[in-house]
Structures are given as C-alpha cells and as structure tokens.
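Note that the chains take the letters A, B, C and D in the order they are written out, and that residue 1 is the start of every chain.
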Amino acid sequence: MEKLKRFGVSMNLELLRKFDDFIKKHKYKNRSEAIRDMIREKFVEEEWEKDRNVAGCIVIVYEHDVREIVDKIIDIQHKFSRNIISTQHIHMDKENCMEIVAVKGKVEKIKELYFYLKALKGVKYSAITKATTGKRIE
Amino acid sequence: MEKLKRFGVSMNLELLRKFDDFIKKHKYKNRSEAIRDMIREKFVEEEWEKDRNVAGCIVIVYEHDVREIVDKIIDIQHKFSRNIISTQHIHMDKENCMEIVAVKGKVEKIKELYFYLKALKGVKYSAITKATTGKRIE
Amino acid sequence: MEKLKRFGVSMNLELLRKFDDFIKKHKYKNRSEAIRDMIREKFVEEEWEKDRNVAGCIVIVYEHDVREIVDKIIDIQHKFSRNIISTQHIHMDKENCMEIVAVKGKVEKIKELYFYLKALKGVKYSAITKATTGKRIE
Amino acid sequence: MEKLKRFGVSMNLELLRKFDDFIKKHKYKNRSEAIRDMIREKFVEEEWEKDRNVAGCIVIVYEHDVREIVDKIIDIQHKFSRNIISTQHIHMDKENCMEIVAVKGKVEKIKELYFYLKALKGVKYSAITKATTGKRIE
C-alpha cells in the first residue's frame, strides 16, 4: 500500500473561499484532490519539455476522399509503429473523418510523427495532446 | 468538385527563406499547404472560444485499482452519452491505464464532462484536445 | 489584517517528494506559497475567459523605419487611451524597437487594441500577457 | 532596400472567404500581412524552445505592503541586471502594484529570473511574455 503524508497549507480566508468555489465548479471531492491535480499537471508539462518517455495522442481530422490520403496515413503510421499504441477512427460525416492515434515514446519521435500527419494534403486539422505514462506521477 | 482560387503573397527574401526551412522541417509539400494549415488552426481556436459544435478528445490516465474508479468512469460517460462518440482504452503498465474519449458537441458540455473525469480520485492526469468536426473548415 | 486559515492536504510520499523538488527548482519558500500560486493562476485564466476587468500588457516588436509606423501606433494608442496605463519603449538595435503597453479594462477592448497593433505593417511580432488587477485575488 | 518576393497560394473558395473574414476581424490590411504574421509567430515559438537569445517581458502583480517585498524585488533584479532592460511600475490601487520587466538574453536565464520573482511572498500573480529581439525575423 502506498504511504500517505499529510501537511498543512495556510491561505487567507478570501482566497480559500474562492478556491472552494473553484473546487465545486470543477467537481473535485476535496481540496487535496484539486491540489494534487494541479501539481501533477506541472510535472507532465516538464516531462514533455525534457524529452522524457511520455504518452498522449495525436488527433487528425481529414477528408477521406482526397487522393491516396488513407494509404499515406497508413504508411506513416507503419513507419512509427513503435510509437503507436492503437488508433481510433470516427466517421464524422460524409466527408470528414477524425482519427485519434494513441502514442508513447520519446517526445522528439512523437513530434516527428505529428509533423508527418499534420502536413498531409487532405488533413484539415491536427492536434497533439500531452499526457503521461503515469509512471513518474504517483 | 471544389473550386480552387489562387492569390499572391509578398514577403521579403529572408523571411521566405526561413519559411521554406520551416516547411521542410514540418514535412509540408509546399507553401500553400503550410499556409492553409496555419489558417485552419486559427479557425479551430475560434470555434472553441465561441461554444460552437466541436469535436475532440479527452485523455485520462488513471490507476485502475483505485476503489470503484472504473465504475465511476462508466457512470459519468453514460450521463454524457450524447457527447461521447467512442472510447479507446490502453493498459500502460500494471497500474496505469490511459483512456481516450472521442467527444463532440457544444464546448460547454464537453468541458463539463472533462471536469467530472478530471476530478475523480485515481485519475492522475487528464487533458482535453481541441479539434473540429471539419464541417466549417474546408 | 487579513485572516489566515490553515487546512490539511494529503498526498502520497512519492508525489510529495517530487513536489518538494519542484518547489526547490521554482524557488518557492514553502509548499503553501507554491500551492497559493497555482490556485491564483487558475483564477486569472478564468478572469480572462469571462471578460472581467483585467490588467496585463501588450508587447510589440517593430521596425521603426517602416513608413508612418510610429504615427500609426500613437494614433491607435490614443483611441484606446482609457485602456492604456503607460508605455515602455526599448530600442533593441538599429532597426528594431520593442514597445510594452501596460493595459487594463475589459478583455474584449484589450483584444481589440491588440488586434490593431498586431496588424500594422512593420510590426513583426506581438503578444499579449494576461495578468490581473489583483483585486479579486487575495 | 529589402528584396520582396511574390509567390502564389492556392486555396478553395470557402476557406478563402473565411480567411478574409478573419483578416477583417483582425484588422489586417491584406492577406500577405496576415500570412507573414502567422509565419513569424511560429518562429518566435521556436526561438524560445531552442534557448536562443530572446526578448520579452515578465509581469508581476504584488501587494506592496507585504514585508520587505520591494527590497527583495530590487535585490533579485540587480542580480539579473544583464538580462533586465528596464522596468515599468504601475500602482493599480491602494494595495496592488503591477511591474513589467522588459528582459532579453538566453531563455534559461530569463526563466530563472521569472521563477525568483514568481516565488516571492506577496507576489500574487506573474506571467512571462515571449517576444523576440526582432533580429532573426525580417
């Protein structure tokens, strides 16, 4: 079992009241949960800055009837098969697809994959979501 | 077929040279592709600011052995079934899971779902990726 | 005098150790200071999202010898005199100037001023810094 | 005189129409100006990622009557005198001050200065604005 530690935080009354409103709005159960969440957010930012082993996803929105786009996407993904965990494909409407690629590995490598997908003709939009393997964040 | 228009852009030589380096690094086929991409990025930002119908995904990383966390995640997702397209689940290691929830709908609603998932005890990290349905972005 | 309140936060040992490293790196005196800072950051983000009365600054970098640019900057600033507190001008080198405009008021108005300055021919770069009047953040 | 080059960009009609709306809203004179601006934004992001010589500003909002805060701010600023170009001070209200510190130099050094100021007791909020010396961005 993991060891819990408890420590005290001081805050003036007015800031604390606003913090409690924030907690309510953001559905946190208690102050500790909210504080732990803010701390872990800072760590994930740092993991990505330092080219650590990270996890996350790449989202692309594209028109499937652009010539050869599906083949090109598959080709690129195969070249980065070590960094791709799995893929989720959504038919948004008659023309548009959204594909969410779960990725892991070194930041540099993931960014390279992202650039390749982003630059394809027919890819209208792309984004990268920074997350974490969870390993260094208890 | 969609109608293509062509227009001229002027730029001093040095900026253009750097832009061409940027294009190469980012794997774009040509300047038009890179410019269209930058323009569409601005539009997706605006869609999210204006509470339009958007699409995207929510990523959560959590420890699956925290009491009742899996049940709670399912409960929340069912309440937002209209906004959830599909879910992709990844076993990162013995303790950590990553779940990627493809979402669509109004920005406000998606953020509410995000807050509920983010606030759960056992969810170590969460992030929201802003993307687009592709509809208003040709 | 302001009233201080103290409350307990629980965290597992490993997260706490990493938090203490973070505190050291970021020069915080103690955990409370770091936690208060993270909380206030969230509030300032919300102030800007909700079009509250805010404060901040607009930075522009421009080439002073572009035709009429200095006149145009002054014209625009006069139109927004209610939102401009003061201006700091730096001669970066023979060609480039940096001007930092301290601003306050409604978010919408500040963004409008920002767009006007950003769009000027000769302005190479511009950025807006979100800060706060400090009033709602104790 | 600097050498201007002109090149063609192709875009489908609908995207172009939306781009023209964007240009109007953002007060740009013409498409070239808007496109050059988007390109230069990408370059400044990269300058900051690569620890180049940059310029920008640090904004702090603080309560001036917190014990010794003014002395501490001055001490820190003196230690970083090489990176500080000038300082602009604004009395926001009876309690709150905003100070805008124009900075230049290596990214790492500027961040260190930022951390020191940010961590001070009495500093309620702080932000860093990434800008550029303008040198590598024509």
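Keep this in mind: contacts are C-beta pairs under 8 Å (C-beta built on N, C-alpha and C of every residue); 3 or more make two chains touch, one makes a residue touch a chain.
This is a predicted model, so every value here is computed, not measured.
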Cα-superposition angle relating the copies subunit B and subunit A, to nearest 5°: 180
Subunit A and subunit B, separation of their C-alpha mean positions in angstrom: 9
Measuring centre to centre with CA averages, how many angstrom lie between subunit B and subunit D? 26
What parts of subunit B, by residue number, touch at least two of the other chains? 40, 137-138
How is the touch graph of the chains shaped: line, ring, star, complete or other? ring
Can you give me every chain pair that touches, using the contact definition above? A-B, A-C, B-D, C-D
Considering only the defined contacts, which subunit D positions touch subunit B in the complex? 2-16, 18-19, 22, 31-32, 35-36, 38-40, 42-43, 136-138
Within their complex, state which residues of subunit A touch subunit B. 25-29, 33-34, 37, 40-41, 44, 55-57, 59, 61-63, 85-86, 88, 90, 92-93, 95-96, 98, 100, 102, 104, 115-116, 118-119, 121, 124-135, 137-138
